[in-house]
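This report refers to the structure that appears directly beneath it.
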Amino acid sequence: MKSVKIENLDWVTYKELTESGKSRIILPIGAIEQHGPHMSLNPDVLIPSHIGEQVAARGDNMLVAPPISYGYKSQVKSGGGNFFPGTTCVSASSLEHYVFDVLQAYVNHGNREFILINGHFENSMCLCEAADKLVNKCKSEGIGVKIYLLSYWDFISEATISKVFPDGFTGWAVEHGGVLETSIMLKLHPELVDMAKAVDVEPATFPPYDVFPPDPSWVAPSGTLSSPLKATAEKGELILEECISGILSHLN
Amino acid sequence: MKSVKIENLDWVTYKELTESGKSRIILPIGAIEQHGPHMSLNPDVLIPSHIGEQVAARGDNMLVAPPISYGYKSQVKSGGGNFFPGTTCVSASSLEHYVFDVLQAYVNHGNREFILINGHFENSMCLCEAADKLVNKCKSEGIGVKIYLLSYWDFISEATISKVFPDGFTGWAVEHGGVLETSIMLKLHPELVDMAKAVDVEPATFPPYDVFPPDPSWVAPSGTLSSPLKATAEKGELILEECISGILSHLN
Amino acid sequence: MKSVKIENLDWVTYKELTESGKSRIILPIGAIEQHGPHMSLNPDVLIPSHIGEQVAARGDNMLVAPPISYGYKSQVKSGGGNFFPGTTCVSASSLEHYVFDVLQAYVNHGNREFILINGHFENSMCLCEAADKLVNKCKSEGIGVKIYLLSYWDFISEATISKVFPDGFTGWAVEHGGVLETSIMLKLHPELVDMAKAVDVEPATFPPYDVFPPDPSWVAPSGTLSSPLKATAEKGELILEECISGILSHLN
Amino acid sequence: MKSVKIENLDWVTYKELTESGKSRIILPIGAIEQHGPHMSLNPDVLIPSHIGEQVAARGDNMLVAPPISYGYKSQVKSGGGNFFPGTTCVSASSLEHYVFDVLQAYVNHGNREFILINGHFENSMCLCEAADKLVNKCKSEGIGVKIYLLSYWDFISEATISKVFPDGFTGWAVEHGGVLETSIMLKLHPELVDMAKAVDVEPATFPPYDVFPPDPSWVAPSGTLSSPLKATAEKGELILEECISGILSHLN
Amino acid sequence: MKSVKIENLDWVTYKELTESGKSRIILPIGAIEQHGPHMSLNPDVLIPSHIGEQVAARGDNMLVAPPISYGYKSQVKSGGGNFFPGTTCVSASSLEHYVFDVLQAYVNHGNREFILINGHFENSMCLCEAADKLVNKCKSEGIGVKIYLLSYWDFISEATISKVFPDGFTGWAVEHGGVLETSIMLKLHPELVDMAKAVDVEPATFPPYDVFPPDPSWVAPSGTLSSPLKATAEKGELILEECISGILSHLN
Amino acid sequence: MKSVKIENLDWVTYKELTESGKSRIILPIGAIEQHGPHMSLNPDVLIPSHIGEQVAARGDNMLVAPPISYGYKSQVKSGGGNFFPGTTCVSASSLEHYVFDVLQAYVNHGNREFILINGHFENSMCLCEAADKLVNKCKSEGIGVKIYLLSYWDFISEATISKVFPDGFTGWAVEHGGVLETSIMLKLHPELVDMAKAVDVEPATFPPYDVFPPDPSWVAPSGTLSSPLKATAEKGELILEECISGILSHLN
């Protein structure tokens, strides 16, 4: 069986591909989180998975691990909030330990380099903690491990931003369920987007603090932090291509 | 968007389907684990996911949550052992807490009944602990939650066993990578099975104890605990049908 | 002081017996759990303790550690359930960490081999996790540790089963409080068995799933999963002897 | 079956004795710890167990739970230190969680009052934490729980001290393995004491700080912190009687 | 004793000030972290503490709790990295649990509103998790708690940014040890700043990913992410005033 | 910048002072706890901090780390109890892990010796556990770490006790908020003591057990366990001087 997806390999093939210790394991980490009434709950899983597969397909010695679907709690300012039906999130320690153990298992197979592709902003510090702890544990055991941690949108250039947001860009912070994610999903999974249900909203603005419990009135009733109306599959293709080639040029 | 898979729903549709509090959430839990040189690493994820989707499609008020892919450590006597390349497992506490949090999130949405479909024997006690703790926590908060926990193979009848194993059945314990799982995978995902690579092995026999660290010589080099050679898609179909209808007749 | 029980030794004697690093430490792990109205709550502690002492007495370089009395939560299908008065169980993580620490302490004394004798089915995965973690921790510190994990009933032969259950054997699963345990207790501690209170029940049958919270109606009101009526001290002696000699022949 | 020891009761009897919710559950907590070359490793378990049984036998509505044998790490100034062979201790969190879970289980049976009898000084703060957490958890669930925590030596009067230590008393702190514990063991378990091996040592004096790792030279090579030579069974009887009647007069 | 600092109050005064349940408790959380060769290790503690005291002094019913000094691990892109001597950080779970417990204790006193003033970017998600967990735990106990979480720099206006950074602002991300923090420290604690040791560096630029273990060559040898040379006490005063009045206008 | 307080150093100076690996890091650990109506809530923080600074100033190669302010739960017999308003305490595991991480961070900088100065009796076992775990973890990594743990009052001589308590000394146990702490605070921070509010109480006497939940009637309404009325700054100076010189003579 030939695939860049580890789960689709038999163990003998996986062993042959990784036994040099030079493979890089790509681990996509996402979330199950509302993305507006026009889109499914899984863009944060599907997008980094797709990017990971493309990076692996074009790069050298790379394999993609099964993604981790459930991520850290959605926050109001970046994901609308953890109170939306369908937003299904885990605690920081659960995510940290689950990711740590998965990485440790791949280390046990002899792998030494990892690329974590994050699709959900709120995961960042949990992934950072898991990576830091694993690297330090392995170091104390005499094993050198290197872990790259990235969020795909950080590879999008100013030039592309200008094209994708011709009327002005209000920051990644409010792109939750907006043009960025909707465009990519239109390209990758048009069957999971229904633009007829897309709701036009102004880019969200927030007070300079957070509050717990969160205040639902801070978020548009639709759940997106900006309008998805101008999303197109072409924009999605442009973004994806830049993320994939960007990751490859930095990390291959 | 219409689907029994929660991840493919938009949040408004999910809300409409679940707001009565009468939906049952099916959560498949598997493992990434070697299943012999002839099969991919993901049968324990794909099989309960498929069964869950079929149960939901045929049953009333049922939805399938995204599966949990990485499961508890493979044991020699039921999965060949945690030392095989490709077997990628997490610790008991990580699995327990991750599952607990996922279930808690679905409870937060108003759901009260769950069906955990386990595809990997070793997960059982972790799932039991997560379920027990959640039920007790909810109870102390005045919330009644009911969780069914099942392993799909427990729904296979003696009659089917006779058909699937006409030469005699040596127990589920040694079916790891054998006729049971291979047949189902041949039915569901023939592209992930290569019978040309299947290795004939005698049903495994073990001493009446376990040992840590595990002794690799207890397991056939191929990693399966019995021979997959007599697997067929027809047997897989028979088994699947019985599991799906059995779960429905018990739990619908 | 001369004893196979570590707790009865003074520390100098213990040191002399273990300083070669070749002793095997036997650790019995049980549970405080109802076993029907005819029997005390401690068979799962007393039986593995007795077996451990006998194994140590007849074997070479073996010592028995004080048993761990409180075990993992009783499950309906193997112990009647955690809701019976008198069933006094701890969580998975508490048992795992307590056992881990006890084993670590014996490793600190220079011991390298352990035999965990389990008397309560539900403990199995917690003991497995403790053993796996300790072995891996020690390995990362350059210390080779070997841990055998066994449940005593796995050493009973088909021949003995035929003698003990002349009317047919319905599986260890339903032996909770039945002929197996009652016979052994009649042999070891007749003062803790009152056959006049023994209740005749049919061997339990269960649906092919578990449910949380457990459903008390699945269990006979007496709490045993099969009838203890045909238990005798002679059967107990036969079983014990086989377990003890079986363990010795495998592990001595 | 009639006994003050819970483990010796069948569940129906236990239920009858406790269903009023007015029983007090006595839980002895000890340690496996060196007590000099003249004494076994288990006085910290046996002494509070005996006291607990006597208190229960003479008091009203009291039952004794199976003791917890392995306690918190022996410290140099109160137990000689955790580095002695035979001293077999667990971490603070393991002890805390194990005790918490055991108490929770007894609460689940309907019990509301507990008496923790501590036999090992170092356990104190772990027991305090377990008790505090349980009381608060139960309170948040609307359940009133009351837990008494005591170390038996705190019930010994000045008058008895004068009799037991006619040459002057240097404080409980250095009684580890000395006249106090040896006398009680001579009374309760003379077979576990060998006065011929008792080593005469001056009462230990220590610097006004602790150091980690501990410095073995701070402790007499025999491991006791004062001399056991003047221990007698008569002194043991006197002490025990005072502890038992003292506990009863305060808590019955 | 009269003070806005809780630690300087006697308990009776504290009780009088808080017993209405209407006080707001301000908790500053910082870090001990290198801030260049020209500045002490504690700006992240001192700045939010000062702001908290001023907010409390000018606002209604506000008190400042003792700050939490040690924060989450410094990251390369926001703090230079956890490998600098003097950067003294704790893990995510330790910070989360410590903050949780402190807040819980203040809730136990009857307080219901909290303002967490963060002085160290990397703390954010740990504080978010502690706040979320506490709010949910209290809610399940019928207690309504409200927690505001803010980082002081989020209250600085565009107008002030223009004045403080007349040559252009490169983002808060690279202000670590730069004009922002140095100016405030020059205003508050000139004795802890030595501008003669300040090193001129270009604003840091980073690849669009993180790597573990961190690569020290990504950071200027001085440890700051931008140049502190144009810092002045006047700028510090302007910033502080805006933060204090901003917090008051939003939250008073 | 020149200071014995680490937080007041810039990182380059800190590096120069510690890079030999021969520095000793002093870590004060206290509590926020009521100390009677006449005194602020922070004596347990201020006193060990002051002592630490003086020890460092007079000793060789010593530096003082920022203190840890929030300590383990106040107990009735040593601190009046955790139910007083203003007593703001954390759980055992939170304190243990927080201290462990702080010490680990200082080890990461190359430091190998630590002096923990405790100002709050109840912290003792948590500090002991953190120290023990760190020393063992470091040892398994081949790093030798030495940690001294002390409570400052253990350095006060009989002679000084006679002077400070001319009418008789009833033990450190009841000195909470009494002459000892009040005298030191009068010397160090007279602005935080108001002797006009001091309440005369008899030295507390307690039953020979603890109870949970605590019984407030065991403590004087003022919260101190003995009378502070005879406290003077002169006594405070005497005590402080003895503690400082005592620590230096033992540990320098």
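Letters A, B, C, D, E and F name the chains as they come in the text, with residue numbers starting at 1 for each one.
Heads up, the rule we're going with is that a residue touches a chain if its C-beta (ideal position, glycine included) is under 8 Å from a C-beta of that chain, and two chains touch if they have at least 3 such contacts.
Everything numeric in this text was worked out from a predicted model, so none of it was measured.
K.L.:
With chain centres defined as mean CA positions, report which chain is farthest from subunit B.
P.N.:
In terms of C-alpha centroids, the chain at the greatest distance from subunit B is F.
K.L.:
Going by C-alpha centroids, which chain is farthest from subunit E? Tell me that one.
P.N.:
Computed centres place C farthest from subunit E.
K.L.:
List the centre-to-centre spacing of subunit C and subunit E in whole Å, with centres computed as mean CA coordinates.
P.N.:
Averaging C-alpha atoms per chain gives centres 54 Å apart.
K.L.:
What is the distance in Å between the mean C-alpha positions of subunit A and subunit F?
P.N.:
Distance between chain centres: 47 Å.
K.L.:
Distance between subunit C and subunit D based on Cα centroids, please, to the nearest Å.
P.N.:
26
K.L.:
Out of subunit F, which residues touch more than one other chain, so two or more?
P.N.:
91, 93, 140
K.L.:
Along subunit B, where are the residues that touch subunit C in the complex?
P.N.:
Within the complex, subunit B contacts subunit C at residues 72-73, 75, 82, 91-93, 96, 122, 124-126, 128-129, 131-136, 139, 146-150, 154-155, 207-213, 246, 250-251.
K.L.:
Write out the stretch or stretches of subunit F touching subunit E in their complex.
P.N.:
1, 6-15, 18-19, 32, 34-42, 45, 65-70, 83-91, 93-95, 97-98, 100-102, 105-106, 108-110, 191-192, 194, 197, 223
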